[in-house]
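Two complexes follow with subunit A in common, the first pairing it with subunit B and the second with subunit C.
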Partner chain A sequence: MIYEKKELPGKVQKIGFLLTGLGLVLVLVSYLVDPKREAFNNVIGLMFFASIALGALVLVALEYLSGAVWSTPFRRISEFIASSLPLVLLFAVPLFFAMHSIFHWTHTDVVSADKILSAKTPYLNIPFFIGRTVGVLALFYIFYLLFRRNSKKQDETKDQKLTKTNVNLSAVFMFFAGIGLTVLVVDWVMSLEPHWFSTILGIYFISATLLAGLAATTYAAVSLNEGGYLGVKVGKDNYYSFGALLFAITNFWAYVAFSQFLLIWYANIPEETFWFIARWEGGWKYISILLMIIRFAVPYAMLLSQPSKSDPKNLKRVSIVILAAHFFDLYWLIMPTFSKTITFSFYEIGFPVLVIGLIVLVFYAQAKKNNILPVGDPKLQRGLDFHL
Partner chain B sequence: MDTKKIHSVTAIFDTPDDIIMASQETVKAGYTKFDTNTPYPVHGIEKAMNIGTSYLGYFTLFLGLSGAAFAFAFIYWVAAIDYPLIIGGKPFFSWPAFIPVTFEVTVLSAAVGTVGVLIAGLFKFPNNSHTLHDTDYMKKVSSDKFGVCIVSIDPMFDEAKAKSFLQGIGGKDIETIYEPERKTINAFEPKFIMGLILIALLTAGATYFALNKLVFMQPFTWMAEQNKLVPQSKNVMFGDGYGMRTPVEGTVARGFTPYEFKGMSDSAVKNLSNPLPVSKQVLAKGKEKFDSYCSPCHGYYGKGDSRMNGQFPNPPSLHSDKVTNWTDGNVYHVIVNGQNVMPSYAKQLSKDERWSIIRYIRVLQRSQNAKDSDVEGK
Partner chain C sequence: MSTIDYTQELPTVEGKPSAQSIDDVISKPLDTKPGNLWKILITITSLMLLVGGGALGWTFYKGIGVWGNNNPVGWGFDIVNFVFWVGIGHAGTLISAVLFLLRQRWRTGIARFAEAMTIFAVMCAGIFPAIHTGRAWLDGYLFPYPNANNIWVNFTSPLLWDVFAVSTYFTVSAIFWYVGLMPDFATLRDRTTNTLKKNIYSILSLGWRHSSRHWQHYEKAYMILAGFATPLVLSVHTIVSFDFAVSVIPGWHTTIFPPYFVAGAVFSGFAMVQNVLIFVRQAFNLKHIITIGHLEKMNQVMLLVGTMVGYAYAMEFFVAWYSGNQFETFTFINRALGPYAWAYWTMVSCNVIFPQLFWIKKIRTTILPMFILGVVVNIGMWFERFVIIVTSLSRDYLPSSWGMYTPTIYDLGILMFSFGLFFTNVLLFVRALPAVSIAEVKAVVDGAQPSHKGGHH
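And now, the complex of A and B:
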């Protein structure tokens, strides 16, 4: 197969700059008006960015591990999205300075008066916290660089052994991905309410991460393929696999989310239930109900029938719904700590816009430098001829 | 061979792409009664064969939804209407607890129902001897090949033409499949009858064994044989061998208040006052209980006209000056403790019932010593 590289239209870059600029202005204005509130939004932005970038990286590893061929023509797209990982750390930097206004376990007087919090200090202290976040993100980035190096080398050498190397790398990476994502969500979400605990929150975030990375990849892959930027036309059965996987992970998310709720609701122990009560009172119940609808019911209905799973327009629509729902999920996880009553205004818009703008820019830059198809991958031809 | 009826003409193809192409070509050639056989589901084949989408999905959807509705409604009926139990301090209608079972039943009914519809509806059960079974063609297409089969009921079927057509589109191993000779089976054949009887005996025996023997064997009895206290049966846990224990001294039943003047003299209770108001309800209750427990000896009007026919000494009238002048507390004391030959009624009558009887006795006394002013209009 002869691959001819086709440049992405400059429009993409323009949209990226526009969104980044708009997001940056909104974020800066918000930081000036209400720094505490914007710090909480910064946490949402950080988690939103991290989950899209890391989700894409997990997908790359998942493809190597499972030996999937249908996604091989789109693997570069996931890699491009994952290449924004260093920027994720950039989002965490302002928070390291604002930790005092977000995490009440950073207040020494509060901690010393509280037996439970004092017992948690070996884990919940500022140096270790920063070290964990930086360490986890750095570790993921190292894995990304290794994947990329092998993948790029393969474009030229067409060496099949490099695939084997990446498969082994994926197995190691998966182990750290599970732990790393759990550490991230425990640090940035659970420690907002340091008295609260839920052992399933790690899986909850992992499922959300996979869904976010997959939705972003699906949107980009379908857009590029429909526009003919892959150089070859990839068939409907690859689309169907995207739809089926989105459908499966949507169900998985709902399963995990409901499990978390059911166990806490059933046991009815005050130190666990207060977290859900905070997400039901003061108008937060509208977001709780909205989540059930847009995070589960709507994607479920949109992806249920067989033709809808391979319809490119539907896939693009459902990806946007899932990403929007993912933002609201994080908003629901994080903001009730900031405010007992529901608040939503321009403060909340800045970060998601900025994140999407940055991802578009990074994607454009990467697509300019690299082949969009992994031309040296031995699985590529099978992926292009893929049949269910 | 010529006498045999032709069932179909078949051809083998190598890849899923070929079979889709072959289906499209067959449709284009005008054949309507043909089928394709593949070792696994080939997506898009229904479109290539021009047979429309299968309606099986709608059955699955319907079965799943009705399973969900049934499970949810059934749990609701059990938990909130028919047998409401408070579990974990939750309301009877605790929908989150219903969701897991609803989910399971949804999946179960959708999956089992779909298989049922497939077998009964789409496979036209019972149909266990399709002509294509046991042919070389079927052996190939059920392992790694893809086949097209043009059936002879097609209006434009012609063996030679169909064969050359399949050859033309690249089919291999083109064959003609003949209908097998069908044997007629006699339902009264002794072998068949014997078989039925054997099956009946085996089924009956197995059922008898399972229901009458198996469930009383270990380990199926492990649930029943529990090392626990059973009331009114022998137990080795306590020295006296009784499972039931006597309550601790001074134990009081729920809702029961002990009578603090038990066995004391009348004078101690004179000052007890009746806690119940004079109301229609109290008097009705008092009349009901008086008629049940007091009237057999004291008579319906408290005149001492016993219905016991001398089996028991007649009590004095309740309308005597002595009883009329008694305080309510005094009467109460007598009801609880008894007097002379009258036994205690503490066991039969609750506290409120005793006090309402006293209200009623006062009414009886007034009715027997009515004044002129009591009569309306005077």
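And now, the complex of A and C:
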């Protein structure tokens, strides 16, 4: 196989700059107008960004662990997306200064008057909280750097041992990924309502993260391959697994979300139900219903039939639907703490636009510097020959 | 450590056995008279079945008062064993349907056997809710049908959903299993010289002639059934978990239960399949078809799901504290330090600590340690159900109504009965039906599939 590197069109960078600029302006203006509201949106932005970048990194690890070959030609794409991890931390920094306006449990007077909240202070306190977020994101970045180093070295040396090293690394990474993602969602979502608790929320976010990373990778992979930017043409059979996985994880997300709802609704204990009531009253029910439709029913219908799972146009469309639904999911998880009645306006637009813009820019820069195809990967030829 | 060549797909079947030799080796147990080992084993398992059946008969005669169940511990061995066996029954469909959808070709050697175990395990599981009702002869009323007394089931109870879930699961698993068996029945029909056998196989094969049109339909049907079976696998143990999680009992009502139960079920199921396969591949010379590589992959799956179970334990413990709910917190402290602490720590060490040894490749690929770990996991998973059910019931809200639970000899007898039933079925199965799918194994032999690289293989 002869690999010829093909540059991405400059248009991609322009779009990246445009989105980043637009997002940045919106975010700054919103922060000036309503800092509290924008801080909540910042949490959404942080989780949105984190889930796409981390989801992509988890995909890299999954490929190594499972020994999959269909995805090998696309693995760099996930690596490029994951390389934006340091920027995720940047999104958390402003929040470390705005914690007082977001988190109820940072108000010492409230906590000291509340027996339950004061019992939580060994976990919910500002230094530990910041330490956890920084620690988790830093740990993920270190894993990313290790994966990346081996993967890049392999481009030249074609050394099979590097694959083995990354397989071992993946096993360890998956362990920490599970814990790290749970810590992130407990801290940034569950502790928004410090009285509320749900043991499944970690799995809820893990499935959402996988879906976000996979949707972003699918979109980029299909676009690049259809445009011929991979340097080689990868067959359509490789797409099938994107569709099948998106379908499977969409179902899994729905399963987890429904389980959480059913158990809380059925047991009907006020210390749990108030969280769902807050997501039903004040107009929030429209978002609850919307989620059922766009996060489950629509992707389900779009991916059910076998041919639709490998249709490039359909895959790109469904990826966008899933990413949009993921944003609304986070909005639904986070915003009801800010406002009892539903609100949606330009404040909410800034962060997702900024996140997408930054990912596009990072992707462009990475694609310029590196081979888009992992040319030294021993599984690459098998991946290119892949047939269902 | 041996180096893996990532540029090549690992062969699913070792060597390059001819189609004839695959037919011969897989159908040998069906064509020959059983050896002494098999006779000894079936004697033991039938005895377990008989003696355990005595305990069951005594229960029918005297009533379930002979069990250890009491007030407050109204669910004892009956429900522990039910959940245990349903869990064992999960590996089969996971291997045959989920791994099929994931295009894991290594499943071919073990799928048939695992499916059979699913069916037997669900049969064992079904006994317990049936006898737990107290008057098993009235169990017909579990099914909602119009009757003269106008007695209806409670549709809002997960106990009823169990009836639907388990019976649907059993039906679909059995159909899936049978569809997979059809081509093999045809092969057996064509091989055998015995007229009686030929007639039976002819009927069972439903006129299968291995034509390409048959295969085309077969593959479609198999794919659709796999698609149906996959959500079913998840739903069955999910609904079993609902039996507990919809309640307000501390330690039962927690939202992680559905995926946690499913992971635990897969965990115990894989352990059981791995254990039995180790014997089968040895006894029937199937080492080149059920390779060490397959067993290693099963062990890796066990490591993965075992760690997920560990995650669930940790999450439950953390949230019990984090919730600030005194009853939740107490329940978990009571599990770890209370009178049933021995059961709790058996569970944690068997399910979370010891399986970590599977990180070591040597242990994953050596028969004896992996077998021991498989047994350990099954013990641990049985205790998991015991811990969940008994500790939560024995000490709930009111200390004045606390009580301890001790199983009686009849509880143990019925547990033995279920093991006897399971293993008797397994032993009969390996003599009556091909334990490995003949047709599917032929399709994964090196060179059986067209190569897209142009004669590389």
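Assume the second predicted complex is superposed on the first by the 388 of 388 C-alpha atoms of A that agree within 3 Å, B and C clash if a C-alpha of one lies under 4 Å from a C-alpha of the other, contacts with A are read in each partner's own complex, and residues count from 1 in each chain.
In the analysis below, a residue touches a chain if its C-beta (ideal position, glycine included) is under 8 Å from a C-beta of that chain, and two chains touch if they have at least 3 such contacts.
It should be emphasised that the depicted structure is a prediction, and the values quoted were computed from it without experimental measurement.
J.: Do subunit B and subunit C fit side by side on subunit A after the overlay, or clash?
T.: clash
J.: Is A:Phe96 touching the first partner subunit B, the second partner subunit C, both, or neither of them?
T.: It touches nothing on subunit B or subunit C.
J.: Could you tell me if A:Tyr286 is touching subunit B, subunit C, both of them or neither one (first, second, both, neither)?
T.: In the superposition, A:Tyr286 touches no partner, neither subunit B nor subunit C.
J.: Once chain A of both complexes is superposed, is A:His387 in touch with subunit B (first), subunit C (second), both, or neither?
T.: In the superposed model, A:His387 contacts both subunit B and subunit C.
J.: Check the residue A:Phe346 against both partner chains and state whether it touches subunit B (first), subunit C (second), both, or neither.
T.: It touches nothing on subunit B or subunit C.
J.: Can A:Tyr266 be said to touch subunit B (first), subunit C (second), both, or neither?
T.: Both subunit B and subunit C are touched by A:Tyr266.
J.: Does subunit C touch more residues of subunit A than subunit B does, or is it the other way round?
T.: Residues of subunit A touched, subunit B against subunit C: more for C.
J.: If you stack the two complexes on chain A, which partner ends up touching A:Lys120: first (subunit B), second (subunit C), both, or neither?
T.: A:Lys120 contacts subunit C only, not subunit B.
J.: Any idea which of 62-70, 260-268, 314-322 or 404-412 of subunit C is the one running into subunit B?
T.: The listed stretch with clashing C-alpha atoms is 62-70.
J.: Once the complexes are superposed, what residues of subunit A are shared between the subunit B interface and the subunit C interface?
T.: Shared contact residues on subunit A: 262, 266, 387-388.
J.: In the complex of these two chains, what residues of subunit A are touching subunit C?
T.: 69, 115-117, 119-120, 123, 160-161, 163-164, 171, 175, 178-179, 182, 186, 195, 197-203, 244, 248, 251, 255-256, 259-260, 262-264, 266-267, 269, 271, 377-379, 381-382, 385, 387-388
J.: Of all residues in subunit B, which touch subunit A in the complex?
T.: Answer in residue numbers: 16-17, 41-44, 53, 57, 61, 88-90, 96-97, 99-100.
J.: Give the list of subunit A residues in touch with subunit B in this complex.
T.: 236-237, 240, 258, 261-262, 265-266, 268, 304-307, 387-388
J.: Applying the document's contact rule, which stretches of subunit C touch subunit A when the two form their complex?
T.: Touch residues, subunit C against subunit A: 3-9, 101, 103, 231, 234, 238, 242, 245-248, 253-259, 307-308, 311-312, 315-316, 319, 322-325, 359, 452-453.
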